[in-house]
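Below you'll find the structure I mean.
A, B, C, D and E are the chain letters, set down in written order, and residue numbers restart from 1 in every chain.
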Amino acid sequence: MFEAIAFYLFAFLTIAMFFIAVTTSQALYALTALAAGMIFISAFFFILGADFLGAVQIVVYSGAVMALYAFGMMFFDTTRDVKEKNGNKYIVVGLATISAVLVVAIFAAPIVSQNITALYPMVEGAGNTQEVGLVLFTKYLIPFEVAAVMLLVAMIAGIVLAGKQMDLSLTLLDDKEIEEIKNKKMKKVL
Amino acid sequence: MLDHILSILIFFPALAGVFGFMIQKDSVRAYGLAVATVEFALSLWLWFAFDSNVSGMQFMEQLPLIPAFGINYTLGVDGISLFIIILAAFFTMIGIASLPETKDVKNMIISLLFLQMTMIGVFAALDAIVFYIFWELSLVPMLYIIGAWGGPLRVYASVKFFLYTFAGSLVMLVGMLFMAYFYFQATGVWSFAILEWYRLILPESFQLWLFAAFFVGFAIKVPMFPFHTWLPYAHGQAPTIGSVILAAILLKMGTYAFIRFSLPMFPDASVFFMFPIAILAIIMIIYTAMVAYAQEDIKQVVAYSSVSHMGVIILGTFALNVEGISGSVFLMIAHGVVSGALFLLVGVIYDRRHTKMMNQFGGLAHVMPRYATIFGLMLMASVGMPLTINFVGEFLSLLGFYQQSHVLTILAGTAIVVGAIYMLAAYKKMFFGNVTIEENRNLPDVNKRELLALIPLSIITVWLGVYPNPVLAPINNSVESIVQLMHDKSITEEAKSRIPNLIKGIEITRTSIEEAH
Amino acid sequence: MLEPINVSMESLNLMTLAPMLIPIVGALVILVIDMIKGGLDRSLYVVLSLLFLFMDFSTLIEAAGVFAKDGSVMGVFDVMLIDGLAILSQFIIVGASMLFIPLALSHTRFHEFSYPEFFALFLFMISGFQFMVATDNLILIFVGLETSSLALYTLIAMHNRDKSFEAAVKYFTMGALAAGLYSFGAMVFYALTGSVEIGKIAAVLAANGYADLAYVLVAVVFMLASFAFKLSLVPFHTWAPDVYEGASAAMAGYMSIVPKIAAFVVAMRLFEFLIHSGVVWLEIVLYIFVIVTMTAANMWALVQTDVKRMLAYSSVSHAGFVMAAILIGTTQSNSALFLYWVLFSFTNLGSFSMLWISRQKHLPAHQSSDHSYDKFAGMIKTSPMAASIMGLFMLSLAGIPPFALFWGKLYLISSAVTSGYTVLALIMALNSAIAGYYYVKLIVYMFMKEPVVGNDGHMYVANATMSLRTIIGLAAIGTIFAVIAINPLLEFITTFVYNSGY
Amino acid sequence: MEFYLYLALFAPLAGSLFAALFGASPKTLIAGLVPSLLLLTSFVSSTILLVHILGGGAPIQVEMMTWMATGDLYIPFGFIVDQVSVTMMMVVTVVSTVVHFYSIGYMDHDKGFNRFFSYLSAFVFSMMVLVMSDNFAGLFIGWEGVGLCSWLLIGFWYHKESATWAANEAFIMNRIADLGMLIGIFLVYWNTGTLQYAEAFALMPELPTDILVLMGIFLFIGAMGKSAQFPLHTWLADAMEGPTPVSALIHAATMVTAGVYLVVRANPLYDLIPNVGLFIASLGAFVALFAASMALVNRDMKRIIAYSTLSQLGYMFVAAGLGAYWVALFHLMAHAFFKALLFLGAGNVMHAMHDELDPFKMGGLKKPMKWTFIMMTVASVALAGIYPLAGFFSKDLILEVAMIEHHYIIYSVLLFTAGMTAFYSFRLVALIFHGEERYKLFGVHPHEAYKFMLIAMAPLLILAVIAGSFKMTYFEMVTAVLPATEYHVHSVVTYWIMTIGTQLFVILAIAFAYKKYANSSVKVPDGTSKMENRLCYKILSNQYYIPYIFEEYLVKPYRELSTVLWKHVDMKIVDATVDGIAGIIYSTGEKTRDMQSGNLSTMLKWMVAGTVGLLSLAVVFGLAVRYSAEIKAILSGLGV
Amino acid sequence: MMEIGLNHYLILSTILFTIGLIGVMRRKNLLLLFFATEILLNSVNIAFAAISHFYGDLTGQMFAFFVIAIAASEVAVGLGLLIVWHKRHGTIDLDSLATMRG
């Protein structure tokens, strides 16, 4: 009962928040709504017993990602109204509605498959974090490490792209000009 | 060396072409001529070494290429392909010899040498894929020759030529793959060897489909009505040498392929499609002859006349008896010589006047008597005057087909009438009457370089018209074995009765296919 | 309580990780070198990358030997899967990368190659692809895919001009959407089977007799959509022409090969079992995809005025062509896919490299884009060798025998024929004919038009250096003499594909 | 004897090639003389062969070499000299020798002198091949060869539009007939398996009649073209555009009789199908009358003679058709002599009158051209069939044949035609040689031809006079191979009535012609006289409007249809379809490329749209699977 | 209805996913567009967690975990690209990036 109430409450909230996030013309509202939606999602995780995931959700999303976006917004100065020229709204609404209706219609049917066995069953008595840790560092060790590489890649990418070196494009300069700049500024890499 | 003479024939010009890049521009013509002459001499040697009494393949070579998929580099010649190979070598030689002043002559010569490789390759190939390789590859130098040295519409013409034939041959490729697959089903081995495919007896329904697939590729190449419209453009825009080789050799690939592939592999389908194809051939003959009559450009006349003559060749092929097929093979050679010569002749006047419109001429017989004489000879050969090379082929083709159908032969026989109409009309417009246009008054007659090409052609035209036997006999032997093969392989009653049984002790090993699906 | 877990090192099969780890190590080495001493020349990084790729390649040969002996190997908690497909595709990935990396040593300096990070990201990307193909775990596929994609977006953007940023943003945004679709698809599979490993998914579904067909279809739809994006199937292809145009020619050539083969392998793993278990719908949909992609992309390629954009559409078309292999789904067709892709790598890398060496920084007035057709007018007159080679690549792409791609087409169409897809085979053949037009169009420009006044032909090789020439030479030789290599290649590929159970 | 055979055959070829060597150089007498002498050699050889045959020698048959051999087909270059061919050889060599020598004078001032002799000798060679061949294929070689030479010679003055047009017309019309001939040959081959006369004819009696009828008809179609039988006759009159010696040789004496020769040669075939023979005879009678009627009013000297030739060919076909092959051949021979003579005489007149052809513009030429006058008169008398000249023996014999075979209609037609023949022949003679000297109005000064030309004509004159006396010798010789039917009217009275009646009729016609045209009141017609405006005159002078009909209803439509086929069918339908397919593909690309708008938002929408599309398909499919039973039921209910 | 089963979560997930799709399609501001892609990934995460819960299997949580990691990396790269673009053009409206087309 409690579960049902919680589910419907948070479902309503997340839907509302995300709906605001995609429809509002105020970037700040959108950001706020998104952040709120993220937090409400973590509530689902807690309801579903995925405590670790809920924590990560709050930390990573509401913390890191949202902070990043906030910085970005400040940089882009989009705190004002966002003017968006929208084309044909019917296409957007139509496509979304169709997809929603179709998938919902299918998902309304219960899954009849019987022989689903948990490969990594939750262990009675162990905390969710421990369980997750165990699986993560055995079975999913490799994806975990690759995810680390991915984050490294993202980091390098962010640094490179946002870095100062991008301001001067060698691609657009003549070789001669490049030589001149190189000699003049004695810059590190060119 | 004789063991590999076919490979040498194929790759010598290509190799020479590669080396040709190193030659200085002014000397490249001599180089090309030298190479082509050597090649021609080699082809003559091939003829010399060829045993006319053997009906099967000679000078066979085999080299595994992709054994995993049954593709081997297999070569061989029989009486059918031998003379077209010689003709290809010959035309490349005289083509280069009579090449007028051209821009980028080096590229031209190199392209011609590559083209020669592909031409000889097509006729020597005994593996479907090797055949296909050369078949497709021949498009490339021709594309370049038409597109780079042609007339004002050259790009359109060359691209049309390329794409049209390319599209057709891709359908053919699908047919080949099916054939190989059926062979695989029957024997459990992949093979693209034509001689192996000969041994495969397919159910009639399969034959029909495969025949149709091959037909698309061949018919466009020939070109058969209604797939012929690339040809007038290609000829109209191509430089002389391009037209000559296109008409003399490249078109023959299609008709040759009918004899090499369609007939022996699908005898029942050949019988089934005999009348539809004969009707198409007759439309080709009459319709294109009429269109040729309406032309204003002499080169277009010759171009459409090619289509018309190809109709007779097709008709002879689908006579499905020895007379008809021998005749059509002979007519391939004859048409090669004659239409090649006619295109050369048109080139002669085009070099002088830079126009091909017939109303720009008139009374040329006064100014250029020798030219008019040679043209007249070729004209007569073209309309099938006895004792010229064309007549032998045309006579035999029609004679052969007469066995299959009286009425259709009478219709096809109008070739000799309608052919005469457009040819004589064109000749009259160009050569007869008085010289009315001032530029024509002082045109020089054919020069030595041009005679170098035209005289041998004239000699061949008459020689093989009077004494075709040296060519006809080897052709006959090979054709007999094909007809016998067809008879033995055919499964329907209709085909058995249509294809004569020669019973000359040719053993056919049968490999029957168990209802391949 | 949780019990402690004992894991023996043998059961981990750590050698299955070796090929992927090498580029990661290489990338780190490059980063470290840059940290210690900056300002080193790009040639150092090129050679270092090449070295690591060589090592990678040799471990792959090692792995191939193991596979040939023992068959498929699972490793590291059964996450890694080294089977024939993984090995073959990694050969293509690493091989093509080895061909690509020397292209960085262009004569003219371009922005991206002045970064050591470029090479690091490049190597990370390769490892990402390798992870993607060497597993059947949807999670690792996803992570590998994203690793490589993120690196790829950055590599494109690092070309540092407006078009490349635009390309990167477009690619990135659509990639993000595709990632969403992928995760949704994976979620539905998980919901259905409780597993995220393709093998297990297949087993569970088969055991149920596809009772939840509707769910399966939803999962397939979303998976298909995300792979259609990666493989640039129409209408998910829209990024391809823009991204190819925005990226440098070399990068565009690379993109037309490596990411796609990785995606093909995953698609093969995922869809093959579905097709074989009689999901007719998938067969129909793939059929539609194949035909629409081939035909529509061909039509668009016809009307392009820029060679690079034309090649982009042509790559889309080729992808559609190869997709047919997955649709057919026999050993022959899957082998044909790899054969085709190996040959396509040579030819397409070659042709993009030809564009790359003719890349100028500043366009003359008459030229509307980097590689407009006009630019190549009369090329035979001014630089015959380059024109001949370019023509060769075009002919090969068009499928003119005996050049490389012909054999791929031959084998692929043959596989269609063998499996009874007659109409498909014909459509494939006719599409090749349509495609002939735009390849020939470039040949027409190069060989049959007059050069623009003042064009001395230098611009066609403006960017050429020894290493670029070497790569083009290799590609050209590979294209011309492909016929010699086909037999061993075919036997090798067929053995590997067959032994992997595809 | 084989040597003489080859000599007779190849001497003209040698002459032709010799003259051809000088083809492009200015006139050299030697180019005319050598071929003429070589032809004389040929004539002599033919004579030797004739003597051999006359002396009861066996026919000479040689096989020079294989021509074509494939499958079961075997065609050699084989030649035979038997009674029939030796007759033809004699005719050909005699007339052509005469014409050659004559031409040396006639073509004296022509630029194309050397060329002319080359063509002329080539013609003779072809004709020899035609008559000497021992198989149908060889016959066909000669058949086409003479056609070619005829084309060359009619169009000899190629600067004249009318000449080249006539040449082409002749060639093409002959080609139409040749097609029939070719089909006939195919029929012979596929039914008898050989093309050798002897073997083929030997097998023919065993063949079903309908096949034989077809064979006979198709071969005769070939003969119709070469012998200019209706409706393929128009070319012959137009062929008079060629130099007059050509008309004499080709279009009077030799080539046009090839058709008759063919029927004679194929007598074993035509004997088996008398119905076809009757058709041939009827057509011949019709043509005889038809051509003669056109000759009545024509105002072109050469055309009149040409129509006369046509008419006489009709006679020959009557004989051949009725089975009197030897009679046909005999008339062929006699006709060759006097008709060639007539033409050569006409040539003299033309020369004298500077190529004037209208006899109304001549008159009174007997004074300046006495010898020509004599020769032409003799030839005309012979043509008219007055005793004892050649025509009497041959032509009256044909009348008798018709009578004896009880074909009275044919007989009366022929008899009437004989009168017309006499009339138009002497109309011509009267107009040219008698009456006022109208030529003076045109300021022409006629002169007699060269002496040697007249001498060259002399043998023909003699033969025209005495040829009738060879009748019995000839009969004995030739019936060795031809059916030896003697044609005698059974009752002597009837015979005499017939003969004298015919003679009287003919003489009356001559007298009428003289009365009407030999007086001084003959004017150059100017289209105003009453007669010229009569309908029948108009029909006749316009050759029954047949050339007009051909031009309007065959030539023009053909030309127009050709243009339509090219410009509309080939370009606008066939080619446009091909280009249209390409164009559709291209324009589809052009139209749909907007899908790639370059806008990211659109791209994303496409992706979502693609996904939704797939989903919809999935749902449709899913529903179809779930309700497949119901769907099947509904479909079967609908009767699908 | 009151018994919350897997289907409820799946439907919720779908609705959220659809909202994300709407955002992806209608947003012209790139930054806000990126928000929408985050919504896509998050909606799936709910479903993963739910499946994991109802099957008693941890794999779903693992997947969700990695999805979060991926989302985070995407943000980094995406923002990097946006910064560069904004520096050059002063806008992050996606209508501004339409130089390549056709």
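The rule is short, and it goes like this: a residue touches a chain if its C-beta (ideal position, glycine included) is under 8 Å from a C-beta of that chain, and two chains touch if they have at least 3 such contacts.
Source: prediction; values computed, not measured.
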Original post:
What chains touch chain A and also chain E?
Top reply: C, D
**OP:** Identify the chains in contact with chain B as well as chain C, in label order.
**Re:** D
Original post:
Given the contact rule stated at the top, which pair of chains has the most C-beta pairs in contact?
Top reply: A-E
**OP:** Sort the other chains by how far their Cα centres are from that of chain B and give me the top one.
**Re:** A
Subject >> Maximum centroid distance from chain C, chain identifier (CA atoms) >> reply: D
**OP:** Name the chain with the Cα centroid closest to the overall protein Cα centroid.
**Re:** B
**OP:** Take the average of all CA coordinates in chain C, do the same for chain D, and state the distance between these two points in whole angstrom.
**Re:** 76
Original post:
Just how far, in Å, is the C-alpha centre of chain E from the one of chain D?
Top reply: 94
**OP:** Find the geometric centre of each of chain A and chain C from their Cα atoms only, then give the gap between the two centres in Å, rounded to an integer.
**Re:** 27
**OP:** Take the average of all CA coordinates in chain A, do the same for chain B, and state the distance between these two points in whole angstrom.
**Re:** 68
Original post:
Of all the residues in chain B, which ones touch at least 2 other chains?
Top reply: 163
Original post:
Can you list the chain E residues in contact with two or more other chains?
Top reply: 6, 10, 17, 20-21, 24-28, 34, 43, 55, 57, 59, 62, 66, 69-70, 73-74, 77, 80-82, 84, 94-95, 97-102
**OP:** For chain A, write out the residues touching at least two other chains, lowest number first.
**Re:** 91-92, 95-96, 99, 103, 106-107, 109, 111, 116, 118-119, 131, 139-140, 143, 147, 150, 153-154, 157, 159-161, 166
Original post:
Where do chains touch, given as pairs?
Top reply: A-C, A-D, A-E, B-C, B-D, C-D, C-E, D-E
**OP:** Could you pull out which chain A residues touch chain C in their complex?
**Re:** 103, 106-107, 109, 111-119, 123, 125-126, 130-131, 134, 138-143, 146-147, 149-150, 152-154, 156-157, 159-161, 165-166, 169-175, 178, 188-190
Original post:
chain E touches which residues of chain C in the complex?
Top reply: 138-139, 142-143, 146, 150, 153-154, 157, 162-163, 165-170, 172-173, 176-177, 179-180, 183-184, 186-187, 190-191, 194-196, 241-242, 245-246, 303-304, 309
Original post:
Which residues of chain C touch chain B in their complex?
Top reply: 380-381, 384, 395, 398-402, 406-407, 410-411, 413-414, 417-418, 422, 425-426, 429-430, 432-433, 436-437, 440-441, 443-444, 447-448, 483, 486-487, 490-491, 494
**OP:** Would you tell me which residues of chain B are touching chain C in their complex?
**Re:** 21, 64-69, 104, 107, 129, 132-133, 136-137, 139-140, 143-144, 147-148, 154-155, 158-159, 162-163, 166-167, 170-171, 173-174, 177-178, 180-181, 184
Original post:
Any idea which chain D residues touch chain C in the complex?
Top reply: 582, 585-586, 588-590, 592-593, 595-596, 598, 600, 602-604, 606-611, 614-615, 617-619, 621-622, 625
